[in-house]
Amino acid sequence: MTESGPHAPADATADVPAPHGYITDKDRYLNRLKRIEGQARGIRTMVEDERYCIDILTQISALTSALETVALGLLDDHLRHCVVDAARAGGIEAEEKIAEASQAIARLVR
Amino acid sequence: MTESGPHAPADATADVPAPHGYITDKDRYLNRLKRIEGQARGIRTMVEDERYCIDILTQISALTSALETVALGLLDDHLRHCVVDAARAGGIEAEEKIAEASQAIARLVR
Amino acid sequence: MTESGPHAPADATADVPAPHGYITDKDRYLNRLKRIEGQARGIRTMVEDERYCIDILTQISALTSALETVALGLLDDHLRHCVVDAARAGGIEAEEKIAEASQAIARLVR
Amino acid sequence: MTESGPHAPADATADVPAPHGYITDKDRYLNRLKRIEGQARGIRTMVEDERYCIDILTQISALTSALETVALGLLDDHLRHCVVDAARAGGIEAEEKIAEASQAIARLVR
């Protein structure tokens, strides 16, 4: 289950590997999420300034799309790492991981 | 940010035009959007802390739901005010407003 | 464009207007829905024949898209006709129509 | 259409290998898809009969939900069987299966 090589947490000097698959892209995720925070702030400012509803809706759709991209990326990483590792390790952990993943997918789809 | 002052209907000859339908609920929208910003920040912190993917996905779904609620509220306000006012005023403006609204709905649905 | 009078069926040679907005495109809707039925039947056959899951999922996504297109079209027609007419007629009917439309939009979005 | 005969588990040494994960629930899927076809037909009849747009939209949402349920079921089966089997077999097939699954998920989410 170890993911060879040190995956130091972004700001830490730890010698222990990071547990989760997305770690290899951590900086990319953090950049995207910083941008997403900016988008959320921008939408609040638009309401504050009483901008045109339709323009605000356009920004909300853009933000939702950005969140979907992050979610799909995390899910793909999760399948590639946690689920595959669990499947290889055998036992019921793989089933549990897949049940969790399926529930997460259902929440995204609905 | 103040909400005092008259909100003249669309076809009035007031000197302070009412900006947009959502204005009556502006504070509620602002509160929701502040909470949404907090949710976005929380998701970034979860990635920073390398929390479990599935837990992050759960938070992303919650944030997406919150955004949908805001979007559906703005859209309802838009129909109730801008579209109805334009329909009553006559002319082609109503058609344009509806075309815009339909495009915004399509972006939300897809 | 008047909507008074009896509601003649689409294929009638009546001089009376059809009731609902989509009627002008009725044949187009019917063709699309016939195609949608064919897509649904095709998906059942794929399961019957035990085709590869991913290929079935692709067809389900295509069918869902086709349904969304029909739904967005009907909604646009509804706004253009029922809502605008109700707004012009005045009274509370416009509000009711918009409440209905907003609920329908929410069901499509969520 | 018959479902008689052994559906060997993936790792068994049966002479009739089970093709795809969903096979265990094949009858349930077929019943659901038969119902879905009926829903599609019902929607066409509603348009034929020029029923109220909003009522048609309600039925389209119900059909979309039913399709999502089927899709999420197939995806779960796919992860439980194809992906897990490929992960256990080793090699790059697991990666390919996951890439496919991720693309299918993205099509469902967007």
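Odds and ends about this structure:
Chains here go by letter, A, B, C and D, matching the order in which they are written, and residues are numbered from 1 within each.
Note that in this section a residue touches a chain if its C-beta (ideal position, glycine included) is under 8 Å from a C-beta of that chain, and two chains touch if they have at least 3 such contacts.
What you are looking at is a predicted structure, and each value in this text was computed from that prediction instead of being measured.
Separating the CA-averaged centres of chain A and chain C is a span of 35 Å. The distance from the centre of chain B to the centre of chain C, with each centre set as the mean of the Cα atoms, comes to 25 Å. Looking at chain D, one finds that residues 68, 71, 75, 101, 108, 110 touch two or more other chains. Shown here, the protein chains touch around one cycle, each chain meeting exactly two partners. Pairs of chains meeting the touch criterion are A-B, A-D, B-C, C-D. Those residues of chain D lying in contact with chain A across their complex are 68, 71-72, 75-76, 79-80, 83-84, 87-88, 90, 94-95, 98-99, 101-102, 105-106, 108-110. The part of chain B that touches chain A in the complex is made up of residues 1, 19-23, 26, 29-30, 33-34, 36-37, 40-41, 43-44, 47-54, 56-58, 60-61, 63-64, 67-68, 70-71, 74-75, 77-78, 82, 100-101, 104, 107-108.
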